Amino acid sequence: MEPAVNSPPAPTLAATDYWQGAAGDERTMARNITAFDRCVLVPRVLRGVTEVDLRTTVTGGEIGAPLLVAPMGLQALVHPDGEAAAATAAATAGVGFCLSTFSSCDPADAVARAGAGLRWFQLYLMRDPEITGQLVSCAERLSFDAIVCTLDVPVVGRRNRDRVYGFDRFTAAPPALVRAPWFEAIAADRGLSPKALLDDVFPHPGCTWDELAATIASTHLPVLVKGVLHPDDACRAVRLGAAGIVVSNHGGRQFDRSVSSVEALAGVHAAVGEVVPVYLDSGVRAPAHVAMALCLGARAVLVGRPVLAALAEGGETGVVALLHRFVDELGHIMRIVGAATTGELTGVQVLRA
Amino acid sequence: MEPAVNSPPAPTLAATDYWQGAAGDERTMARNITAFDRCVLVPRVLRGVTEVDLRTTVTGGEIGAPLLVAPMGLQALVHPDGEAAAATAAATAGVGFCLSTFSSCDPADAVARAGAGLRWFQLYLMRDPEITGQLVSCAERLSFDAIVCTLDVPVVGRRNRDRVYGFDRFTAAPPALVRAPWFEAIAADRGLSPKALLDDVFPHPGCTWDELAATIASTHLPVLVKGVLHPDDACRAVRLGAAGIVVSNHGGRQFDRSVSSVEALAGVHAAVGEVVPVYLDSGVRAPAHVAMALCLGARAVLVGRPVLAALAEGGETGVVALLHRFVDELGHIMRIVGAATTGELTGVQVLRA
Amino acid sequence: MEPAVNSPPAPTLAATDYWQGAAGDERTMARNITAFDRCVLVPRVLRGVTEVDLRTTVTGGEIGAPLLVAPMGLQALVHPDGEAAAATAAATAGVGFCLSTFSSCDPADAVARAGAGLRWFQLYLMRDPEITGQLVSCAERLSFDAIVCTLDVPVVGRRNRDRVYGFDRFTAAPPALVRAPWFEAIAADRGLSPKALLDDVFPHPGCTWDELAATIASTHLPVLVKGVLHPDDACRAVRLGAAGIVVSNHGGRQFDRSVSSVEALAGVHAAVGEVVPVYLDSGVRAPAHVAMALCLGARAVLVGRPVLAALAEGGETGVVALLHRFVDELGHIMRIVGAATTGELTGVQVLRA
Amino acid sequence: MEPAVNSPPAPTLAATDYWQGAAGDERTMARNITAFDRCVLVPRVLRGVTEVDLRTTVTGGEIGAPLLVAPMGLQALVHPDGEAAAATAAATAGVGFCLSTFSSCDPADAVARAGAGLRWFQLYLMRDPEITGQLVSCAERLSFDAIVCTLDVPVVGRRNRDRVYGFDRFTAAPPALVRAPWFEAIAADRGLSPKALLDDVFPHPGCTWDELAATIASTHLPVLVKGVLHPDDACRAVRLGAAGIVVSNHGGRQFDRSVSSVEALAGVHAAVGEVVPVYLDSGVRAPAHVAMALCLGARAVLVGRPVLAALAEGGETGVVALLHRFVDELGHIMRIVGAATTGELTGVQVLRA
């Protein structure tokens, strides 16, 4: 399947604000970035780095560079080709892709088109465990390499931009673009509208550690947890069998007084980094941010809004270009600081301003 | 008694500056806010918070959320309905109300109208202990739930805005609006004008710890002390029987080089928080500030200027709307950070930028 | 002798820049002020401060408030009445006055007119010890209460503003205003022009601790040292008999990368504050700065540029008004923070932002 | 040989951006400067500094002041007289000069014209050790006093300004100005174009510590290493025989998230400063920066872009004026802070804001 050649319809302002915005006054979204930008590295010399090897073993497989496309729902809002384009671009660039539960593209189509690239499936634990189970089964059936269980949405964050438009993910946006086929299929099974099902099962504020444990036990797939900022929560998840931790504040979309991801990373890594890989998302806007996260212990980094921006502008081609730029620049940084492999980046010292 | 339906007279600039202003160049007023805004929280996950319970036991009773309207005098300056409107709004919203000694509304009217809401009475220790005693008796007679003894006005702060207008609380403002009936009644008993009595007894720079002890001993009501910033002062007050501490710098209205309230909170809480509840006012402009204060150990928070702004704009209805917004948003924050009760907020980590 | 009633001649830009300017890009002058403005105090309550007593025992006597007019040369540049006006104003306001070696007013006139106010004489150690001795004799003869030996001018600082005008203190400014009678008298004794003598003896980069010791030994007057920023220099001066230390960076006029006075104060006070009084100048622009310096251990504070500004605008009357404002506001701050005496201010906690 | 009297051709924008620019968004170039500007010194008094002696023993000889012109390639880009002018100016001013491998002036001409001034030769370790050896031989033949081996260019940094112009050092700029005769001679020996040779041998990402050791062993000249920021790298170089360390981030031209030179200096000095002299470049824009670096342990400082700016504006005369200003002002600072020799500056305390 080829990327769409038609130019995308002009996105509505509501859609643009939906993905560009964040909770409250967007302080945390900004802090995610500025916290990175206050860091500097201490390069090393004479490391003999003729070739850099960016390959990284992550949960579920190996990727060509320590990058994954972060799970973001409803990508058709920014480009009709949506997740299929982004996933295919990730595969082309040799990095990972994480598909959202609320993919606006049929997951089977995305998988078929993206081919052999490493893929994670982002899962919300639903109020009805049967629904959760069905989603896990989908992930297994489509041979996802891991499940990423997002824990930081006990309730949906309050985003001022969305309030302006009264944006509701299933109503205000052009219906043809805003669909979540996977979720819709499950709703159809139950004879419910997707919205009715969603209202029934999401979000799940009452979700407990037991339910996470049950989900981990229910599948042969490794289960990462995402949205963790406190070391104690990371430890608890690992004790229950989590295969890795994604340090994240949901791109600042949940709580506008949250610690930034890079501030939280070192603590989480110190707590569980010897046992499972630690990942990061939220605030990654530049290849140097990826390098910094790796220096601070991250195994790989999930990139969100830059991918959506590239998707909006250039579809699959745009995302490939963006990811190539990140990979190329990260390789350059590794040469400059003297790290031949991503693992060697861990030894590079980070100072904060 | 119904809220006034007539639109309020346009407030004078002097009145607006009176309540919006603060001491000196208003550095401390600003620092009160920015000190909050430099803090972030570390949310927790999977706490199973289906319902949040904002009820809080404070000195003198229980309130529906950890909020009280701070004691502010002469509220008729911003709305003819003054304290009666604000107190009624607090009762409607299920939060506490603290009435100023210099209430421009007859306290009996405010109490009658506000009904069963928790009410504190703010007291200045006067140069003439008999006057202090009469005020305490008033508070007892009207069944206030506690007395809040303000200690940070040995002299009145110097506020540049007030100097501009030559504002004097009993003369320059429209007399019909600027009255303090309670105090006037006591003055009338003595055959004095309110101003003459005020000049005789307020402020009381010579006030000592013994006088505080005497006031505590004189009443069956619990006595909180307000305006404390140093842990040693908090300890001393508690040893003398204070039922709680309100960490406050009087909204920055007393001293323009004062430590901010949130900077002082942790030290005071560490000193006496195991023994008595600690409260905070000064600088609370957003529900997140309330959450932060509670994370740092406050039992509840007093909200001042935002209430006056709402009162000025919308009278009782405006204050109800404001308080509902604070309560609603605080509940949202509790869900997002994983605290089912206000007590659980205490365990949430606060980081400073 | 009455203050001049004629309006002063319009000051030249060169003169204005001379006293308003400082070394280099004036970073240190600015830092002197901002370092104060980053500090806050922690007020205390219920200290029973009915009256504040600002009287302070300083080297050589008692003053009504912990303030002195800093030694500044050539005050006729800003007002024809110069040092005589400023000294008289200080006496009127009950504070101290420190006369510069380069007073543009005849010291005898200033002393006669200022009357009984505490007076210090600022001394430069000259390359010719005989000249130094003559200046000391003058100070003794005119019954100065102490000598303040300025140590931070081994060479004159480079001030960009002065470079613009090619300002030379004895040539570019109106000769009638720019005189240093005291120094001129000594020059006349030797049959030299003041400029020739000055070139011969000032500044004295080779000056050593021995010369300071010799000067201390040569007079019955107590000798303070001024311009000290390092604790070790303070200790050494005290071991040689210095009666006190003035922490100062010469108002930022000497070195534009110098530590600020308030940053240096605590260290110097910790080193010698138990043995001799420690004073501060440089950066004092507000009464709150005076209070902060006292909280950090200063016995009293020297105020410079604000006095010159008041002198320029209002002559003696202007300086009296300024000093009264400082005294009044300092008393207010003492009441607000709970200090009945200047000594009690030492116990008040200072926090830095 | 006299400096060129013809006015230089207007530099191309590409050339201007080449030397004024730095890697990425030039954050590190800015941070190099701001990190200096956050420092202040604590002057000392009564040190008896009649004369300051700025003479400094550096690797390879003595210089009149602790300054060297930093190695910068292709100086003909800013002035036709290029390195010959700058080297001559350095000799005139009594400071050192470091010639780049990519000197656009014939090194023999520069040496002949500059005369007896101390000269260092900057060397890149090339992919072909024979080339490296030939360069070392050139340096020996022309009686350079030391070799400075630049280690921080495993790959060339990415400079956004250069990308704008597609600047390539041997093609886009006027060929008559952009030559590297020394390197060209070696290329000619091999029958290669300079560009072809350069592509073959530079940069040398695979360079190892062994190759540094071999170069050190191959010459009687002392070998400094430049571009070191981490103390461990400094130690390793010293163990291999390095005669000194130049702490540098290549003026921010290599990596735009690098620690600043002044931040890195103290650590490197603590690690090896007892054994070998430590130098600094990157960010030196003012004489006070030189003083600060010396206070923090640097033996001398290399000045880069200010020299190029002076060269562009005024040729040899301009550089002499600049260097004289630096020397003069540094002497002034030494007097002001109380250091008679550059060695005494080491004892002066530096505080960071």
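When the chains are written out, they are named A, B, C and D in that same order, and each has its own residue count from 1.
The definition used in the following text is that a residue touches a chain if its C-beta (ideal position, glycine included) is under 8 Å from a C-beta of that chain, and two chains touch if they have at least 3 such contacts.
Computed from a predicted model, the values in this text were never measured in an experiment.
Chain centres here are means of the Cα atoms, and by that rule the chain farthest away from chain B is D. Rounded to a whole number, the gap between the C-alpha centres of chain A and chain D is 45 angstrom.
Measuring from the averaged C-alpha position of chain B to that of chain D gives a distance of 63 Å. Of all residues in chain B, none touches two or more other chains. Contact topology of the protein chains: cyclic, one closed ring where each chain has exactly two touching partners. Residues 24, 27-28, 31, 151-152, 154-155, 157-158, 205-209, 211-212, 225, 227-230, 232-233, 249, 254-260, 263-264 of chain C touch chain D in their complex. Here chain A touches chain D in the complex through residues 37, 39-50, 288, 291-292, 329, 332-333, 335-338, 349, 351, going by the rule given at the top.
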